[in-house]
Amino acid sequence: QKTDTTTVTIFAAASLKNALDGAAAAYEKSTGNKAVISYAASSALAKQIEQGAPADIFVSADLDWMDYVQKAKLIKDDTRSNLLGNRLVLIAPQSSTVSLKIGKDFRLAEALGNNHLAMANVKSVPAGKYGSAALEKLGVWSAVEPKVAQADNVRAALALVALGEAPLGIVYETDATAEPKVKIVDIFPEDTHPPIIYPVAVVGATKNGDAAKAFIDYLKSPEAQAFFTKQGFTIAK
Amino acid sequence: MKEKQSLLSVRALQRRPDFTLDVDFESNSALTALFGPSGSGKTSILNLIAGVQRPARGRIVVAGNVLTDTEAGIFIPMHRRRVGVVFQDAQLFPHLTVQQNIKFGQWFTRTHDQGLPLEVIVEVLGIGSLMKRRPATLSGGERHRVALARALLSSPRILLMDEPLAALDDARRSEIMSLIERIRDELAVPIVYVTHNVEEVRRLALRVVRINAGRVVSTGTAAEVLGS
Amino acid sequence: MKEKQSLLSVRALQRRPDFTLDVDFESNSALTALFGPSGSGKTSILNLIAGVQRPARGRIVVAGNVLTDTEAGIFIPMHRRRVGVVFQDAQLFPHLTVQQNIKFGQWFTRTHDQGLPLEVIVEVLGIGSLMKRRPATLSGGERHRVALARALLSSPRILLMDEPLAALDDARRSEIMSLIERIRDELAVPIVYVTHNVEEVRRLALRVVRINAGRVVSTGTAAEVLGS
Amino acid sequence: MFGFSPDAWMAIELSLRVATVGTLVGLPVALLAAYALARWRFPGKIILDGFLHLPLVLPPVVTGYFLLLAFGKQGVLGKGIYDLFGITFSFRWTGAALACGVMGFPLMLRAIRLSFEAIDRRLETAAGTLGANPYWTFLLVTLPLALPGVLVGAILCFAKALGEFGATITFVSNIPGETQTIPSAIYTFTQVPGGESEALRLSCVSIVIAMVALILSEVLNRRIQRRIAVFE
Amino acid sequence: MFGFSPDAWMAIELSLRVATVGTLVGLPVALLAAYALARWRFPGKIILDGFLHLPLVLPPVVTGYFLLLAFGKQGVLGKGIYDLFGITFSFRWTGAALACGVMGFPLMLRAIRLSFEAIDRRLETAAGTLGANPYWTFLLVTLPLALPGVLVGAILCFAKALGEFGATITFVSNIPGETQTIPSAIYTFTQVPGGESEALRLSCVSIVIAMVALILSEVLNRRIQRRIAVFE
């Protein structure tokens, strides 16, 4: 262990906060190093890295923005790996009596009636993209599309269901299990959408390459992974 | 609330940091002049009559109507007093034309019991050519003449004029004094006229209330108060 | 730019929608009165001398200094003319006390060549007790007296007074006229004095310029212009 | 035309509508509140004042969340207004207008209040002595004299409404043709790799609209200024 | 104290600093721009006017992105300012102050300009005849008379700066202790399960700060109003 402390700066997707804060605190305790984490939308973080942000590590909420920084040669290719996974679920308010089984041509549109399906933005937010891909694959997208209310992010979509604005919504399992005002109607089978993956990599311009690598290694240790699984994330293979 | 008594009766106490107004006077004349040096309290008295301000203690009655009575808790709001005030510094509405300014009061009077027609007033005051102009483009004297027209045309039950002729030349002043004499003699509208001009007092005032340092020094006819 | 000629020489043409000012006069007297009816152009002339406005055509010379000359392209900005203006409607600074108002001009004069000391001016104008007050609390006449003090104390090279006494009573007016006479006779500051009061003209003016409808009607001594 | 997609056109049309409605509906409320804050004394005045500044102080998403709580389907106010006027806000363009109006409100309020406070009250007194009751005085004297401030307030609110994003998307989400305003559309583009150029094109539309509104307001303002100039 | 985490305390301290610096540094610029727009005629005036309103019209993330491009390490302005003054903005609290100042700027500008335009210019003339050159006239007459508007402008800018989120997080990200302001911290809390109560508590801090600022400004304003009241 070094005597002088090194500070590792992590740019991470905002949805990772709970899990990553816990892991980082444990890391600080065990190494004496400092971990500073800046949480924002993956898109903003990617563009900031492009503009020379002082990040050592980038954790994206999807593959697209990691691909973006990789194409721009902003990360160390060999340090890129998949950190976490998540599952996509269909939710309803706790008081709801709706029962739906997700499957080919399932009757989502009818269940909605004149109401809206809360999702994260289907063009830009990972959870929204996965959700629309899944509904497409299940053959119900064209019927459901006009009824989709696209929120700014998954949390906002969750709030719409929790407050009873929308009778149904599509969010991550991690969000759904933690919100007592909603219940999970069904889980989307993994083969209905691209794999939900949170990739991680060391930023090319880092001055702390070694410490950054060490932090990523720590995140993959069983000790750190306990924090992730506790929040409902799956560990990416 | 009608009382049979004098046309105008003012009793008022008002305290200011450096100045105390404490007056009590009556008048039965059609035109009462308030005469006194600068800073003696003339404008303050007009403000109390107009209801612009409320005295600490006092009672103001005009033609039998109690406008203010602090003991009885009476204070008629100014817009219901029907006073025509010619302010010392004109106070024209800058966003309205001269014409709109002088017609302003008419919009709020149901009865058009105004004696003198607009044409006569405009003629005597010599403001006919200014009708379309805005106050910002008027000369000092023109502004005061418009203010006078505005007050006269609001069908007032009492006219309060604060040095209305101070900004005017002798010829114009004389013509307007004739107009005021006509109003005084032909219409049943009592006038309270603030001035420090002896000539105006002699010519117009049927009764003079002489003010000094916030108190009434003497009252009487012009000859009595000014000496002859 | 010094020229040997009259103390004050004004030639100016200014067009307004309803009014044309076209004047040409000279004066070598210490006090020149501009005399004329309301709306004749007196204030406009003062504004041109003060540099508040620029004439369409004209030339204004004070004590040999060319202040405005449209042909030569000369226009001295007003803050370098050192004119002391008593505005017709006072124009006191509302955010400053009376004291700060009357000392305002002193902050910008390096040479304190002012003849009359502050104490004398304050005494004669009777504003000693108002020093800490703000303009909003002054009576009409008090406001004009403060404006007069402010102009007198700015060490002007020329004094422009626009009906400075119109709002004042006879006693005060007479005292202030004495003060103006002292300034006229003891100090080398020419005065242009706007009034429509015959008495003031007779007592103060060494030369009278009579204005009507934007033109000079006659010039001469008070007796010549007014008749005796 | 100009190569915008139908969705983008809808967003432009919607933003115009939302900003206009939000501003116009907010205006009378702002006038009343500004007058009350400028002229009256009442208990809790400072609390009201603070409350009306909240949309400025809170992050827009928080404001949006509160709007959702209050004006959503289950919200107290949302239900009440539906029962009274038959207007629903949730997932409707009316909700977007509400969000934009709320976010722009403090700006409008402050500008108008500033103008009310700058008015020479002796003119209101003059109107009173001429027989105008307080309402007429307000209408014929106070309001016309405060017009420059009202105009500035309206233009600030309109501009803010054109740019408002956080509260809108949180409250009524992002439904093309119904609640997807220009900023929501722009935001979506900025969140996808390579979407910058489209985001930029839409930003330009906002700028053009705002410029037109601004020029109009300047022209109007110059007229008003000329009218009420105390001196020229 | 109050059970806030160290990160939250840092965010509060930072927000205060950022809002104060952003407002105070922006103030002289706003005064100059407001004076120029209120009094001078120059070519391109309307363009400048429009440009200064942009932060209001554009979605905050777009403004933030422009700031990132212009004032980032590789940005033209960012480089220039570093060379001249040695100040870096990128991912520093100075950048957060810049973002907040820029977002609040139009509000400050407009309020001040409104006050300048409402001033009776005859008073400036009177100052001129008393020997005050235009600079002194501005300092001794125009500015004191416009003080209520300056105050309103400053408080609007300060409040906006307290609530600004989109531009800040886009420009300088969300680094605890350096660029994580209260709104960024709130945002982070809203993005995870169970963060609402913490988000709400932080919102309350913002509200309290804004209320204190508001009360101070009202007290000051009342004094000023009393001073320059034309009538009482």
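A few remarks follow.
Here the chain labels run A, B, C, D and E in written order, and each chain numbers its own residues starting at 1.
By definition in this document, contacts are C-beta pairs under 8 Å (C-beta built on N, C-alpha and C of every residue); 3 or more make two chains touch, one makes a residue touch a chain.
Protein identities per chain, from UniProt: B, C = Molybdate transport system ATP-binding protein; D, E = Molybdenum transport system permease.
Note that this is a predicted model, so its numbers are computed, not measured.
Using the contact threshold fixed earlier, the set of chains in contact with both chain A and chain E is D.
Any chain that touches chain A and also touches chain B is listed here: D.
Number of steps on the shortest path from chain C to chain D, with steps defined by chain touch: 2. Most remote chain with respect to chain D, judged by CA-atom centres, is C. Using CA-based centroids throughout, the chain positioned farthest away from chain B is A. Annotation: 30 Å between the Cα-based centres of chain B and chain C.
Note: centroid distance chain D to chain E, computed from Cα atoms, is 20 Å. Chain B and chain D have Cα centroids separated by 45 Å. Chain centres here are Cα means. That of chain B falls 50 Å from that of chain E.
Counting only residues that touch two or more partner chains, chain E has 61, 65, 122, 125, 187, 190, 230-231. Looking at chain C, residues 137 sit in touch with two or more other chains. Those residues of chain A in touch with two or more other chains do not exist in this structure. The list of touching chain pairs reads A-D, A-E, B-C, B-D, C-E, D-E. Within the complex formed with chain C, the residues of chain B that make contact are 16-18, 36-39, 43, 88-89, 129, 133, 137, 139-142, 145, 162-163, 166-172, 196-198. If you check the complex, the residues on chain E that touch chain D are 46, 49-50, 53-54, 56-62, 65, 106-107, 110-111, 113-115, 117-118, 120-122, 125, 148-149, 152, 156, 159-160, 162-166, 182-183, 186-187, 190, 199, 203, 206-207, 210-211, 214-215, 218, 225, 230-231.
Against chain D, in their complex, chain A makes its touches with residues 41, 43, 46, 64-65, 67-68, 116, 118, 121, 123-125, 148-152, 156-157, 159-160, 163-165.
Only residues 9, 11, 14-15, 17-18, 36-40, 44-45, 47-48, 51-54, 153, 155, 174-175, 177-179, 231 of chain A touch chain E when the two sit together in their complex. Residue ranges of chain D in contact with chain B, taken from their complex: 122-123, 125-134, 136-137, 140-141, 144-145, 227-232.
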